[in-house]
Structures are given as structure tokens and as C-alpha cells.
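Each in C-alpha cells, the structures are laid out below.
There are two complexes below, and they share chain A, which is joined by chain B in the first and by chain C in the second.
Presenting the complex of A and B:
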């Protein structure tokens, strides 16, 4: 059975004045996944999210959510009916109280989950009568999450959900997200440049840089494909022997050659044997290393 | 709930406009006895020039309370204050909200046209209420200075004020979909009003077609006929400005 795709972008372009924010970004987010959208500041994460939710217009290419065109006005309303969104600023209405924010939001979503609203109101310890402007950043994030998680949405889009939170609050927010996704079976698409948190909860990722996807896939598959191979030679390590497809980076240091493989380690090991390496070690690579190497390769 | 949000966003400007116009209307009514006392001091002879003509016209009209109210308030004071109130209510909105909830609003399953329509309808309703409240004060307070003022006259003048004020409201509203601060739409619209008023003064032939002539209900005061053409033209310009606002907002990136 074909994998169901909730979010898809194909060759997406966006330009702001003289700046290319997106340069042919392609992306596929499987249904039911927790999808981490990684990139440096200014890589195009927020722009992509805004296009998906109809807040910005694409300059070219295609963006669909639930198979609906994101730049079609009527379809965009339907997309937002089925999607919850938390912006990086957690911008809510400062003049409203927590209870008013809940009442305001609930009015737009016929599938609003009163049970979840009450549950998160209790577990997040949100004071219903307090004005939004009087909430701390952490409480504001929790309120934004409550408003998103209670919508009965099929897709939750989060832009830097833990930005500005302390580690304890970050952990609480991430646990709430994972627990909710497991219980409700929704798709979570979240952008971040906090690699540790993406690694903690995501099951698929896309790394983007300068408006293009440079690495994408299931996290386990990426970890399988990306390997660091350390080869030690009797004399000086050979030059140029490993510059081939499937190799992201080669570092020579005397007799030691370190190769970052992007398509498994087997071909590297075969080549090492042929060059009579005296020892060969294959080391798993963390997502942080994948990110840093991928981004560095673009520079 | 969009209506409630629009009300929360505009309530202070509504109350400022209401307060300004109400105090102004009340002040004009209560000043009448002193104006009547001063009338004999106005020279009967021709002092010449535009200023002299205006003083004589003011003195002539002020012999009756209805004439005094029209000249002092609907013709002189209200156009300035009413324009400011209209512009105040027209500014703000989604673009100026910035990080105070604009993205949250846009994440709701509502079209931008509907968001804009609700905001415009709320502002225009408030504008209508301010006009109505201010003009109704005139017949209500008139007995306090021993005079009478017809409710029908007050309502018709309120309608004229509303129709003309809606033009400035919609111009400020349109500019608010272009600028992401509240000041530029406010200042540009007020500058446009000043330019229009100056043109009216310089080119006297334009006065019958001026938005301020519609605002003061000049035709109704002088002939008893409603300025249907002026009201219709104001409504047409307002509708056109609102249409451009919807196109502007639909094209905008946030």
C-alpha cells in the first residue's frame, strides 16, 4: 500500500525582494509521522510553513497539504480547518484572557475537543482568568499548544516550538507533543534548529539550507546511511581515493583517513581493503553530525 | 468571535471618537447663549473680503438655533473632528497587528476577505454609532439652553456625516493593508483630508462636489433635500476603497 503523504512541496520557490528564501524546496511528510524540519536560521523553514498555511504566496513550484493546493484561497481555508499551528513568536491576543482565547479559538473548529481542553488546562496549570500579556513565555507556549492540540486537527504545524524555553519547560512541551501524537495519531510537522530535540521525538526529518532540501528521510534510515569510517594506513593515507558519490567528506591526518559516507559504509570498506588499510572502523553518526556535515558541504 | 476580536481591537478608538464628538456637540449647544449675547456686536456694515462675508453669514445664521448649530458644528467644527474620528477607526487591523496575533488570526479557517469584512463592518458600525450619539445629543441638550432642535434634522445630518466619514475611514483602512504601523495610514489620510479641504478653499467651484459639503449636510440645511448624489458618490468611493483593500490584503505575504 502506498504511503499516505500529508504535506508535499515540489520545487517550491519564494523570493523576498532580492533574497531567495526558497530555491526549489521539495518535501514529503508521511501521515502519522513526527517530522522534524531542520535548518539554520534563515534557511527557509518559516517561509515554507507560511506557504503551507496560506500566509505567504509561493513564487513557483507546488505546495499541497492533504492533497489540497496551499495557494488556492478556498483550499487554504480547508487546510487550516484541519491543521493546528503554533508560530515561533507564540503570538496570541494580548488583550484576551486565557479563557477568552480558548472560547475564541473553539468557535472556529467544529471538532473542538473539550476533554483535551480541560486536560491541558489542568496539566499545564494555565490560569483561565489571566490576560495573555501577563503570561510568562513558557505559559504562553503552553496556551498556544492547548489551543492547537484541542482543535481536533489532523496535522499540527509548529515553528520552533521550544524557542526561548528553559530545559525543563522544553522537556515538558516535547513530552506533551509525543504523548498527544501517540494518543491521537496526528501528524506533527515541526521546524527547529535544536537538533537534540528533533532527535528526541522525530521519526523523520528534512534538513534544509538556503531554501533547498539537502537531506530527507526516516531518521533510522538516515542513521543507517550516514556512517563515519576511519581507516588507518601503514604509510600516509592516500589522496583522492575516496572522492566519489556517496561520500560527503574526507579528512586526511597523516596515516588516518576519516570518511563520512552518505550511502552506507560497504563501498568505503571495500575500497579501504583494496588500498590495504591496516585498520577500519565504522562509527554511527548522530543527527547533529549529519546536520553539520550536510550544511558544511553546502558552504 | 471575530466580531468580538474586532471590537476589542477598536474599542478605545471608538470611545475616544465618541467622547470627542459628544463633548464637542455639548460644548456647541451650551455656548449658544453667549453667542446670542455677542451677536449685536457684529458690525452690520460690509467689512469686505471673504472673512467679512463669513462673519456676516455666521451672524445671520446664528439668529436661529438651527442655523447656529449647522454653521458652528456641522459646517465648522464637526468636519475636522469627524474626519479625525473616522480615520482613527479606520486604522489598525491585521497588518498593523504584527506579532500581537496576526499569524494566529491567519491560522484560523477563515478567508482574508472575511477577516477584512468583519473588521470593516465593526469599524463602520462604530462610526455610525458615534455619529448617531453625537447628533442625538443636539436635540436632547437643546432644551437646556431654552431651544429646540428637530430629531429628524439631527438624524439626517448624522447620515451625511457617516456617509462622508466612511470615505476617510476606508482610505485609512486601505492604507492599513499596506503599512505595518498605525501611524502612516493615520497621517497620510489626515494629510489627504487637509489637501482636499485646501483645494475646496482655493477652487471655490469645487465646493458643491466636496466630501466636506456632503459631511456638513449643506444641501439639506439650505433646501431640505437629502444630498443623495453626494451620499451615493461617497458610498461608491468607500466601496471602491474597500475592494482595493481586499485585493491588497489577499496579495500580501505575512
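Presenting the complex of A and C:
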């Protein structure tokens, strides 16, 4: 599978007043992927999305969507024509009914997919005659999602799509996204601070913190490359012996050394053998641990 | 067949799916020629990425465990011999290692051991019946 890139940012910078929202954020979103954009609140997720959609200008660096420059006015119109966006506020008109909201939105999009509209109206169990303002939070999310999924867009950008939803509703939304991506072959870029949902449906991720990309790549590769290795020595564990590329973190506790490897455990084990470790254990590292380790590493 | 990957385990989901399919074949929950769920329905049922299911199926096909028939879906290979064969071999290796060690302890040389094994195998071939 030749990998084409739908969204790319290179060394993106953005400053609001005295606050650096982004300081050199780089990411690449492969076509056809479900991309999880993971970070704590205030890490720079929404700022990045705004720049991608032409709602904010980068202070430095480069952002492209479909190979088009996001800060170019004409290009940005084209980007937004091909991209569906669900903001965390779920921009809807409270005075309209669900059916009116759908008809109103459909009018703007020549490639509107009536088949998908009907499918999601049914599977989301949305009441067509209910006023938008009377919808529950979950229902609002589902309506916003229906409007985005039915647009016939090539890229779907979601800012915290499951924020405030209960677990059952979250699962329903994730299922819709997984099914939609598989059927329509579209690219989904979603920001989240919920590690579990990213872990569940994403095939590629970027973990960002304080405006920087900390870890990025195919989720399976990260799962295969990150390893925690515990080495036990006969005497005090050697100091400094494991500081090298491919090692994110070393913790030393008497005779026990714990190494977080980012490029597989082999080289760590080799060194452990050379240093005559009496026992060595390798365990996989979950995305949650990768997240906490990489974010905590900066504190 | 029970497929239930755990996304939070740290093990790639496609590897978990591969193991679970192989296990289903070993236990007889899936038999040669039987069809596996489609990529899309399975992705939706498990609420995981369809690319992940596709990757697991591709790898299983590569290992000869299943066959992907274009447009028809995924089927358990007729000659699917997952794990069982390798497990048998691994167990056999232990038996051989044990026998070799015992023979050496009695002062039998490597060359003599080799001849004993060959003689024994030749005997098996004559009767046409593997023993054990």
C-alpha cells in the first residue's frame, strides 16, 4: 500500500499573546487512516485543527491538507469543501427540528449522501421532529456526526467527538466512525484526551504536549517498539549504562533497573547480558503508559 | 468463534486477532474451509479499525492459515496446520535432546548417535509405521 499523506504539518508555531500554543508541531496523517490526535487539555489540539481549517494563521511552519496550503485563502476554500468538521461545540441551530437541520445542511453540499443520511438517522435513532434545543448532549453529537458523515467529504475532522458522552453513547459513536471509515474509505482525524478510545479505533496516532509532538506513528508499530525491560543485578545497578537513543527513560532502584525502550528490547537485553544482569524481563507497554511516560517526562 | 481483542493490553490488536483465530482453529471452533467474518462486519462488531482486521487477515493468509478469495471473503485453509505442528515438533525436539544427552552420558559419540537415529528411522520406513 503506497502511503499518501492527507494532512501534514511541519514545525508548526502559533502564539497567542504571551502564550506559545504550538511550538514546532509536526504530524503526518496517512490517507484512509483513523488518526488519533492525543493530548491533555490545552496541549494544542484545537489550535492545530483551527490552522488546518483556515480558522487561524500559523505563526511559523507549514500546514497542508490534500497537499494544499492551509494558510492560502483559495486553497483553504478547497480544503473546507472536501473536509467535514465537527467542533467540540457541535454548531447547530437550536430553533430548527432535526429534520429541518438536515435539510438546511444538505442544501449546501452538492455531494450530499441521502443514503447515508437515512442510514444514520435510523441507526442513531434521532427523532426527526424534535427541536435541536431539546436534544440531549449525546443526541446533539449524533446529529452533528450525521451532518458530517453525509456530506460526501474525503476527510473528517472531529474535535473531541465523545466529550461528555456516557460509555454506551461513546461506543455507538466509535462504531459509526469505524464502520463509516471502512465503507467509505475516508480519512478520519480526531482529537481526544481519551486514551482508551484512541487505542481502540485509531491505526495511527500523534501524542502532543505543550504544542509539540512527543510520539507519533502507526499504533501497531508503537506497540511493537515500546518495551519496558526490568533488569536485576547482583550488586547495585550500573549507572548511565543504558542512556542512549532508543531509551526514553531509566529508573534505578538499588539492584533493579527499569528501562523504557522506544526501539525494541534487543539492544537493552544485549547490554544487560554484557553487564551480567541476573534476571531480565520484557513487558509490552500500553498506549496509556506511553502517554503518561512521554507527557510526564517533560514535567 | 470468540474474537475479543483487548485494545489496552499493549499487544498490537492485529496480533491478538491472529492468535484468537489460530486458537479457534486449534480448538475446532473453526474448521478447514469454513468462512471467517467479513472485514467490515467484524470491525464494526468489535469496534476496531477495519485496517487492523485487514492486516490480521493478510498476515494469517501469509502464514497459510486462511485463504482470501477475492470478493468471497476469508476461509480457513484446507491444509491449515497452525501451531499444533510446531508444538509437536518443539516437544519432539525436547525428546531428542534428552535422548542425545543420555547417550552422551554413556559415552556414545555423535557419529554413533547419528547412526542409531538413522537406523531407527530406516526401521520405521521399512515397516511404514511411525511409532508413538
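Miscellaneous remarks
In the analysis below, the second predicted complex is superposed on the first by the 297 of 299 C-alpha atoms of A that agree within 3 Å, B and C clash if a C-alpha of one lies under 4 Å from a C-alpha of the other, contacts with A are read in each partner's own complex, and residues count from 1 in each chain.
Convention: contacts are C-beta pairs under 8 Å (C-beta built on N, C-alpha and C of every residue); 3 or more make two chains touch, one makes a residue touch a chain.
Source: prediction; values computed, not measured.
Contacts of A:138 after superposition: neither chain B nor chain C is touched.
With both structures placed on the common chain, the touch criterion links A:174 to chain C but leaves chain B unconnected. By the document's definition of touching, neither partner reaches A:36: not chain B, not chain C.
When the two complexes are overlaid on their common chain A, residue A:92 makes contact with chain B while staying clear of chain C. Using the contact criterion defined above for the overlaid structures, shared-chain residue A:50 touches chain B, although it does not reach chain C. With both structures placed on the common chain, the touch criterion links A:203 to chain C but leaves chain B unconnected.
Using the contact criterion defined above for the overlaid structures, shared-chain residue A:182 touches chain C, although it does not reach chain B. Of the two partner chains, neither chain B nor chain C is touched by A:61. Residues 16, 50, 53-57, 73-74, 77-78, 80-81, 83-85, 87, 89, 91-96, 103-105, 107-109 of chain A touch chain B in their complex.
Taken together, the chain C residues at the contact with chain A in this complex read 7-14, 39-40, 43-44, 47-52, 55.
Residues 1, 4-5, 8-9, 99-104, 106-112, 250-251, 253-254 of chain B touch chain A in their complex.
Across the complex, chain A meets chain C through its residues 32-34, 171, 174-175, 178-179, 181-183, 196, 199-203, 219-220, 223-224, 226, 283-289.
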